[in-house]
Amino acid sequence: MKGKYQPLSGWRKKLHEIVYEADTTAGKVFDISLLVFIILSVVAVMLESVPSISGNEYYHNFLLSAEWFFTIVFTIEYIARIIAISKASKYIFSFYGIIDFLSTIPGYFIVFGFPGQNLLALRALRLLRVFRILKLARYLNEARTLRRALIQSRPKITVFLFAVLMVTIILGTLMYLIEEGNPNQEGFVSIPESIYWAIVTLTTVGYGDITPQTPIGQAIAAMIMIIGYAIIAVPTGIVSAEMVKSTKEEISTNTQACMACSKEGHEDDADYCKYCGEKL
Amino acid sequence: MKGKYQPLSGWRKKLHEIVYEADTTAGKVFDISLLVFIILSVVAVMLESVPSISGNEYYHNFLLSAEWFFTIVFTIEYIARIIAISKASKYIFSFYGIIDFLSTIPGYFIVFGFPGQNLLALRALRLLRVFRILKLARYLNEARTLRRALIQSRPKITVFLFAVLMVTIILGTLMYLIEEGNPNQEGFVSIPESIYWAIVTLTTVGYGDITPQTPIGQAIAAMIMIIGYAIIAVPTGIVSAEMVKSTKEEISTNTQACMACSKEGHEDDADYCKYCGEKL
Amino acid sequence: MKGKYQPLSGWRKKLHEIVYEADTTAGKVFDISLLVFIILSVVAVMLESVPSISGNEYYHNFLLSAEWFFTIVFTIEYIARIIAISKASKYIFSFYGIIDFLSTIPGYFIVFGFPGQNLLALRALRLLRVFRILKLARYLNEARTLRRALIQSRPKITVFLFAVLMVTIILGTLMYLIEEGNPNQEGFVSIPESIYWAIVTLTTVGYGDITPQTPIGQAIAAMIMIIGYAIIAVPTGIVSAEMVKSTKEEISTNTQACMACSKEGHEDDADYCKYCGEKL
Amino acid sequence: MKGKYQPLSGWRKKLHEIVYEADTTAGKVFDISLLVFIILSVVAVMLESVPSISGNEYYHNFLLSAEWFFTIVFTIEYIARIIAISKASKYIFSFYGIIDFLSTIPGYFIVFGFPGQNLLALRALRLLRVFRILKLARYLNEARTLRRALIQSRPKITVFLFAVLMVTIILGTLMYLIEEGNPNQEGFVSIPESIYWAIVTLTTVGYGDITPQTPIGQAIAAMIMIIGYAIIAVPTGIVSAEMVKSTKEEISTNTQACMACSKEGHEDDADYCKYCGEKL
């Protein structure tokens, strides 16, 4: 980020370190404070949505004041981020730059009394900002192993989810044809709704808002459940296998280095360096 | 397919390559276009089933036109497939040949105004045709590992599912005997329905349309759930073990043997034998 | 079975082979026929429990005749089993002997018109008899690996299920205390029912017949679900680990036998017999 | 516990062995009796909560007598624990000391007729005391492997559960915005309740007390379910990997090294070094 553009100097460099990095004490304090403000502001948005709280005048005013406060804090942060980077557009049009903007703006609408119901959505975006701060977690060993296993599982999981989707479309259509004519039936009114039912069933969620009424429908539903029971094993198997592999890689960090070529990564039972043939 | 019969020549050979294979650019374009048409036609069938859409005259006419279009496209494709093969009966009576026929025919009934409600089922069969095009996915590495693990798990999964079925029949019968006489009970009216309930419970779907009302029934239901909780581990364990094996086989496919000591099992990045130090 | 008592001779020996064993053709035919009869008789019991079928005079009479037939067949089988063993009491008081008796007797009550409602339970026991015939499945390789993994997992699974039970009792009591006073609440009327709810929730079955209504109750329920989500991993992990081990043992059946001491079970990378030190 | 303070002598030392340890016969008898009393007292608390039982005068009086008995027993135990330790405050302010006190006190309130409804909670705490006695289970091999796998999985599981919580907050907020304006909708009245719904759905519990009614809401719900289906694999994968590792460590604990070639990794049943043939 710093290499390509003219380097920041003086107080802007210092601000950059505080706002964008977390190596210094000031940077850590900034990140943790921001994390707390984001979480509190999201909690405020949640509480505002509860009718019994937003209906109470005292609480409503308190939440409005909080909104004022958070809007000002996030505005200052937004300005600081623009100043502390040598090329402002790089931040403004980045993923987090857009989220910062969109999640701060609705605060102004609300505090100035514009009708803000639809803008509530944007304020909830603030939660996404937590992830930026949590980027640090990437350096935690645990999260790294988890990430590696997940990234390596992704192609297999994608293939699997596509297959699941195909199965639910076919089974949903089948159930629509079976249950649709039944006079006692209140669900299964269209194929998309039947597919929704098939997903609810196959994933073992089972709301029960739509249930088969005919004996044939129940038999097929039972079949779907047993299939779902068996295929839930598949993603688990995929991730388990990757985790076993990841864990193994973690373990087998044989730290022995060849004295001739100084390469590492030898197997535990190796007697000779596999790269240069020197005796270990 | 080509070996046994008199080989196709000229334009029929070219058509074969386009229609049945996917090695050439034309073949790929054909497959992808077909995939898009199949998906769109299935979406059209789905939308038609939604009462608020099929009741609207404008949408209804649009979907009817779409049906005309898809029926013509799939008819042309069907004819092309017959022409492009040296022995037409081989295609016509194949699995996909029959599906192609059955899923195209109802289009004619609908566009000519025959009562087509029952034929809707056949149009949904079009979705199965997607799998033919997706056969290509077989060559994807991810899908291959997945397939291998699944195929090798199949016998164990079958044994397991059979055992689950036996357990649900016994537990379902038991619950019928316990809950049947209870005046507040609306479900458990017959053994098959009780078995349906046992499957819903054991697979942790839990619709809640049928629930035990007596204390004893609830105690047994709780027991079934805990059993289900424990045995869901079984298919997962099976697939996980196979995935671990498959993943391992994927890794350890280095078949290189040392020329000095003839030992195998070298890692992919090994240049020297790890047992005797000879160059590989 | 034969060693301890005076050996059977002549036709009784032959009968023993047919009835108790499955090595001869006659024995296999006997087992398969019995399997079919058991399944059909259980299906008949199920159908009889469906009100719309048992209410219909024609079906009712048909099922009564079937019951006659199955009762006679199973009586003959029971007598044959007593005759074909040198010490009859050994069979009569064995697990399957008792099941055979209990599941045959109610047939007589029904066909002679005694009030048989409560005896229905005993007829359903017939299903358990299927397992005797399926004992053969024990020799199937698949079932064996599965059995071994399950048996080795049992102590861990038991410890786990005990822990789950403790957790549900504590959480159920907690929810009773929270939800009990709520006027909108229809469930959570007693601690046992709250524990039932906790099991329904923790196992992710989620009927929805009892749901928390207070915000605190919903918060705790959400916590229970997330805990349940995490701990469902435990039995799966246990069985997976055992399956991986079992599968590995299956693979590593190095069939090499030492030429000096003729012992087997050497590891794949062994150069010397680990029992006697002879070069392999 | 004994090293730091003045050692107990005579009968107090003996009492310590009975009350705090389980090596002697008397200690085992004490622990098992206590376990039985705790379980019976918890069962009594449960039964008392059932309206049909506590309403019956005979049962009510029986349970009151039982409460008398258990309160006296646990009081004696509490006093014994204070006497049998050289520094009483060490026990009194320990975790189990506080639980013992809090779970015994409400018994007095109840037997002396104080209004005890709110104190019921404290009596249920008795169940926690079971864990003290079950501490012994720690020495069971099974529980140890399980514990090790769980403790090693904890950091990964924590990271995972945090991620799940973030996802449910975002998805819950999204669903609130979509479903809130729908006139048929009875749930999704606030963001916290929507988050509760998202947890119920993602963990595949699926009560069905709150379900999406709009097509968009159902589509997003279906998406959440499929995501939940895929991510349930993650904790399972984590624990499986740890279990595989734990099981492996359990196996390969043979630390024997060959005296000739000093290689390790011999199997438990090996008598001769598998690498050089020397007797181990």
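Every chain is named by a letter (A, B, C and D) in the order it is written, and numbering of its residues begins at 1.
Quick note on the criterion: a contact is a pair of C-beta atoms (placed from the backbone, for glycine too) under 8 Å apart; a residue touches a chain by one contact, two chains touch by 3 or more.
From a predicted model like this one, the values you see are computed outputs, not experimental measurements.
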For the interface formed by A-D, which of the candidate pairs A-B, A-C or B-D is equivalent, sharing more than half of the contact pairs by residue number?
A-B
Comparing the two chain pairs, does B-C have more C-beta contacts than C-D, or is it the other way round?
C-D
Does the chain A and chain B pair touch with the same residues on each side or with different residues, judged by whether over half of the numbers are shared?
different
Note: chain D sits from chain B at a C-alpha centroid distance in Å of 41
Distance from the mean Cα position of chain C to that of chain B, given in whole angstrom
30
Using the touch rule from the top of the page, what residues of chain D touch 2 or more other chains?
160, 192, 195, 204-208, 232, 236-238, 240-242, 244
Pairwise touch network: line, ring, star, complete, or other
complete
Please give the residue numbers of chain D that touch chain A in the complex, ascending.
155-156, 158-160, 166, 169-170, 173-174, 176-177, 189-192, 195, 201, 204-208, 211, 215, 218-219, 221-222, 225-226, 228-230, 232-234, 236-238, 240-242, 244-245, 265
Complex interface listing, chain B residues touching chain D:
204-208, 236, 240, 244
Within the complex, chain C is touched by chain D residues 42, 45-46, 49-51, 120-121, 124, 127-128, 130-131, 137, 140, 142-143, 145-146, 149-150, 153, 157, 160-161, 164-165, 192-193, 195-196, 199-200, 202-209, 232, 235-244, 246-247, 251, 266-267, 269-279
